[in-house]
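Here is the structure we will look at.
Labels A, B, C and D are assigned to the chains in the order they are written; within every chain, residues are numbered from 1.
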Amino acid sequence: MGRPKKILNNPANVVTELLDGLVLAADGGLVRLDNRSVLVRPNIPKGKVGLIIGGGSGHEPLFSGFVGDNLADAAVCGEVFAAPSPDQILDAIAAVDSGAGVLFVYGNYAGDNMNFDIAAELAEEEGHTVRTVRVWDDVAAAPLDRITDRRGIAGDFFVIKVAGAAAATWSDLDEVYRVACKARDNTRSMGVALAAGSIPETGERTFELPDDEIEIGMGAHGEPGVSRQKLTTADDIADQLMQLILADLPFKAGDEVALLLNNLGSTTLMEMLIVNRRVRNILAEAGITVHRTDIGSFLTCQEMAGMSISLMRLDDELKRFLDAPARSVGYSKA
Amino acid sequence: MHETLSPSETRDMLLAVAEYIVERTDMLTQIDQAIGDGDHGIGMRRGFLAVSEQLQGSEPASVEAVVKAAGTAIMAKTGGAAGAIFGTFFRSGSSAFAGRNFDADGVAAFLRIGLEAVEKRGGSRPGQKTMIDALAPAAAAAADAAGGGLSETLARACAAAVAGVEATKGMIATTGKARTLGERSLGHPDPGAVSFSLILTAMRDFVAT
Amino acid sequence: MGRPKKILNNPANVVTELLDGLVLAADGGLVRLDNRSVLVRPNIPKGKVGLIIGGGSGHEPLFSGFVGDNLADAAVCGEVFAAPSPDQILDAIAAVDSGAGVLFVYGNYAGDNMNFDIAAELAEEEGHTVRTVRVWDDVAAAPLDRITDRRGIAGDFFVIKVAGAAAATWSDLDEVYRVACKARDNTRSMGVALAAGSIPETGERTFELPDDEIEIGMGAHGEPGVSRQKLTTADDIADQLMQLILADLPFKAGDEVALLLNNLGSTTLMEMLIVNRRVRNILAEAGITVHRTDIGSFLTCQEMAGMSISLMRLDDELKRFLDAPARSVGYSKA
Amino acid sequence: MHETLSPSETRDMLLAVAEYIVERTDMLTQIDQAIGDGDHGIGMRRGFLAVSEQLQGSEPASVEAVVKAAGTAIMAKTGGAAGAIFGTFFRSGSSAFAGRNFDADGVAAFLRIGLEAVEKRGGSRPGQKTMIDALAPAAAAAADAAGGGLSETLARACAAAVAGVEATKGMIATTGKARTLGERSLGHPDPGAVSFSLILTAMRDFVAT
């Protein structure tokens, strides 16, 4: 395959330009800290628990697009596929913490873990209280007994959505942390990749897949998954992904879930709806009811072709926070 | 040939290291494409360009200060795992030079303290296919070379790091973005280990001339 | 470029499978008429003006994804890139018209025009009142003095959004028709294509663009535009598109507008935000204020790479209807 | 050779037309890829498969009824511009056979009435690079051939349609999805015109055997 064409100016400036564009797209709902890749909600109420999210750029709308009403208070954005540095994270803490403390929610990657940990340690030295929820929803990344080795993928959305609504409701960091952990612990995801995305700065695809092959479980940066195989049908792909997801938590008859279908980049909504049809049949047969469906682009990997499926098992508390209205550039629900 | 570097000579050495890394951006990126997410060279370039910018024209008060300043620049600008790891390495390691110039014993302590800090920060151990697999043997070689002078210490540390890089080809990654690659990571060196060996190579060459 | 890989079952069944998946994704908010490619909102209030939209499939989320609260009451979906047939449209009319009449909103293409006209004539014979608003927002498609020859592209969204909110407010077809016409008449769009999408049934791309070329003004099915040129910068592309848009209405200093950035398929949100940055600079320099921004996938052309920019000049009435909350699978705004 | 077709023979002819079109799906799609949106063959296939399904095994009451039934199937299943145009053509044109069998005068009237209906429905005229550029000359040729018998009428209409297709290559599209192609539509025939000529070809061949 040739190099994908992109609409860019200087590829070295993509992050700063996209953040400026994002601030403008928010029509007043976002500010950017001076000379920083940090987006902050203006007018954060005093005494609110601050929700800070972040990670490498290139996965838009996550993370930068999820700062808004009932969502995150700030996003700290690294360069493309690179965790942000501690000094930026510290600036975000200073901008959002008015005393109630700060919750970090981010995907479980070595780079993010280390940079956010460094920032948390420095911030605590300065008197901030910081709690961290690392999202590790990707079933493909490690066996269940090493769940803390798993990557965070589109399930980030569920945790951010729940934590955002909880942080808008409660002013107690421990409570927000508790419910964010519950969201994380009840979420499982699996993805499939058909073709690679490319990094703007190099123009190179992050991996190569033969023309007739797909990879089940491939990560959001093209990290290898559980099996490479010939391109098969939508139903077969849905069956494979769902089998791994359902068996892992495990999800059981009688469970009520939220369903998230995430576009990794260039897959059409048509394809995702066709997969949804099968997913719902599988869930119905398993006796699992779907409380709500979100479908679209949440965590992308540039123009990667592929998608992921996430399920979160619900209780009344999770439902309440998931169903709260929300509004940001990347996600809005009445 | 230098057997000890003053603060400003240390600055010049770090500028030479930065130039050496920046020139190898593409190679490092390609190595990360094989087993990671293909951005390692881009990140190291950002970090070491920041080192150049930070140190150029500055007059450092001490070796400790200039090494720490380099680490702070790396930590702030590299991003990713490498930013935290190499930033931590330089920042924590800098304490080895408290009250002294850049000499053989300082370098041995620098590598030892840096290694401890990196292991603590990332929770990794030798054998997991990370830069630790270049750093740990380098630290051991430098300790061994104690009393042998700065250029010999760096030369032996560097040789050990290069051998360590070679050894990472035979390892299966259990941390970082290559973790899930399993057997498929075999045959490829670890990008961070390569970067670490390049840093020592540039230091060795600077001291040798 | 190779053939794009897709997640499909039998390519001949894509429309029926995607519609089933869409109904399921609406979690109770949609029903599908038996054996028909017609989606309808359940529980339409008696006496409501019925808003029917439609056109060829393959452009998801338009049109099928825009049936919902404060949006359309029914969507009539053709096969991929093919207008729906009159009998399906008649069934939609029967399902939504309880006496207040029906407004059609669709894109101005020969196939759609003829099929909807045939249906309108037959429906009027049966006693229904039908009004039609064809959307012709694509500045690239014909000069201003032949505006009725222009194609409908992403500007469809503005007209549907306004008409949907108006039809939820008023029970007078003439009023809904008037405001929908006003939305249409104040909307202008321009697109750019970087690479073609492919039709599921043939697997073939709808056109071929050399590896380093783009086409300004290309239509949503790959219909040729105003100029083919070398791939240039995001700023340059934004400049070209905006110049044609602004000069056409024309938009003037002091105008207030709604801005829509539409992803034609596989372009990243990152790229669109980078373009948005320039678009906003251009508007600011022209003295035009932006009331609101919508950015994402509205009218796609399978996995085509490219995007379009639409502006609608606003007055208080249009603002009110545009800002009304809305909820559907394809578009939701709090 | 037939000089008049009964209702059931007309049904068999329409089934032959359907088969002929369905066999040429790919060719029609390729022609539409050159100047349209690449779906014409797929649509015609859907429409004429519906004709087959509709007419197979049915016992038509009249020629008018069977021609209209074909048009209704086309209109319901083809979709796109072609569905409306070819559906309108057959449905409206069928009135030419009111109270008569499928004969030379009927065919001439069928083409004339069908042409009027298509022009009215789509607002196009000859010269705009549509199926009208095959249909209009065919209608004129059939009128000319009046009195010459069914097979000759169809043969002359068909030849005129084929020449009309050829002529569309020299036209710039001003309607349909090829409209904005401008000069670039030159050199390519209009897909709908090709389809129309295929319909007449299949009719001619059926009657000639």
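Everything that follows uses one rule, which is that a residue touches a chain if its C-beta (ideal position, glycine included) is under 8 Å from a C-beta of that chain, and two chains touch if they have at least 3 such contacts.
Quantities reported herein were computed from a predicted structural model and do not represent experimental measurements.
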Next on the checklist: Taking the mean of the C-alpha atoms as each chain's centre, how many Å separate chain A from chain C?
Outcome noted: 28
Checklist entry - Measuring from the mean C-alpha position of chain A to the mean C-alpha position of chain B, what distance in angstrom results? => result 32
Item to check | Inter-centroid spacing, chain C versus chain B (mean Cα positions, whole Å) | outcome: 54
Next on the checklist: Building nodes from the protein chains and edges from chain pairs that touch, which of line, ring, star, complete or other describes the result?
Outcome noted: line
Checklist outcome for this item: Chain pairs that touch, by label, are A-B, A-C, C-D
Next on the checklist: Applying the document's contact rule, which stretches of chain A touch chain C when the two form their complex?
Outcome noted: 1-9, 14, 17-22, 24-27, 57-58, 60-61, 65, 69, 192, 194-195, 197, 200, 211-212, 214, 231, 233-235, 237, 261, 265-277, 280, 290-293, 295-297, 300, 302-303, 305, 307, 325-327, 329-330, 332-334
Item to check | Residues on chain B engaged by chain A in the complex (per definition of touch) | outcome: 29, 33, 36-39, 42-43, 46, 75-85, 87-88, 121-122, 175-182, 184
Next on the checklist: Quick check: in the complex, which residue numbers of chain A touch chain B?
Outcome noted: 56, 78-88, 109-111, 114-115, 117-118, 140-142, 149, 151, 199, 201-202, 204, 206-207, 217, 219, 221-225
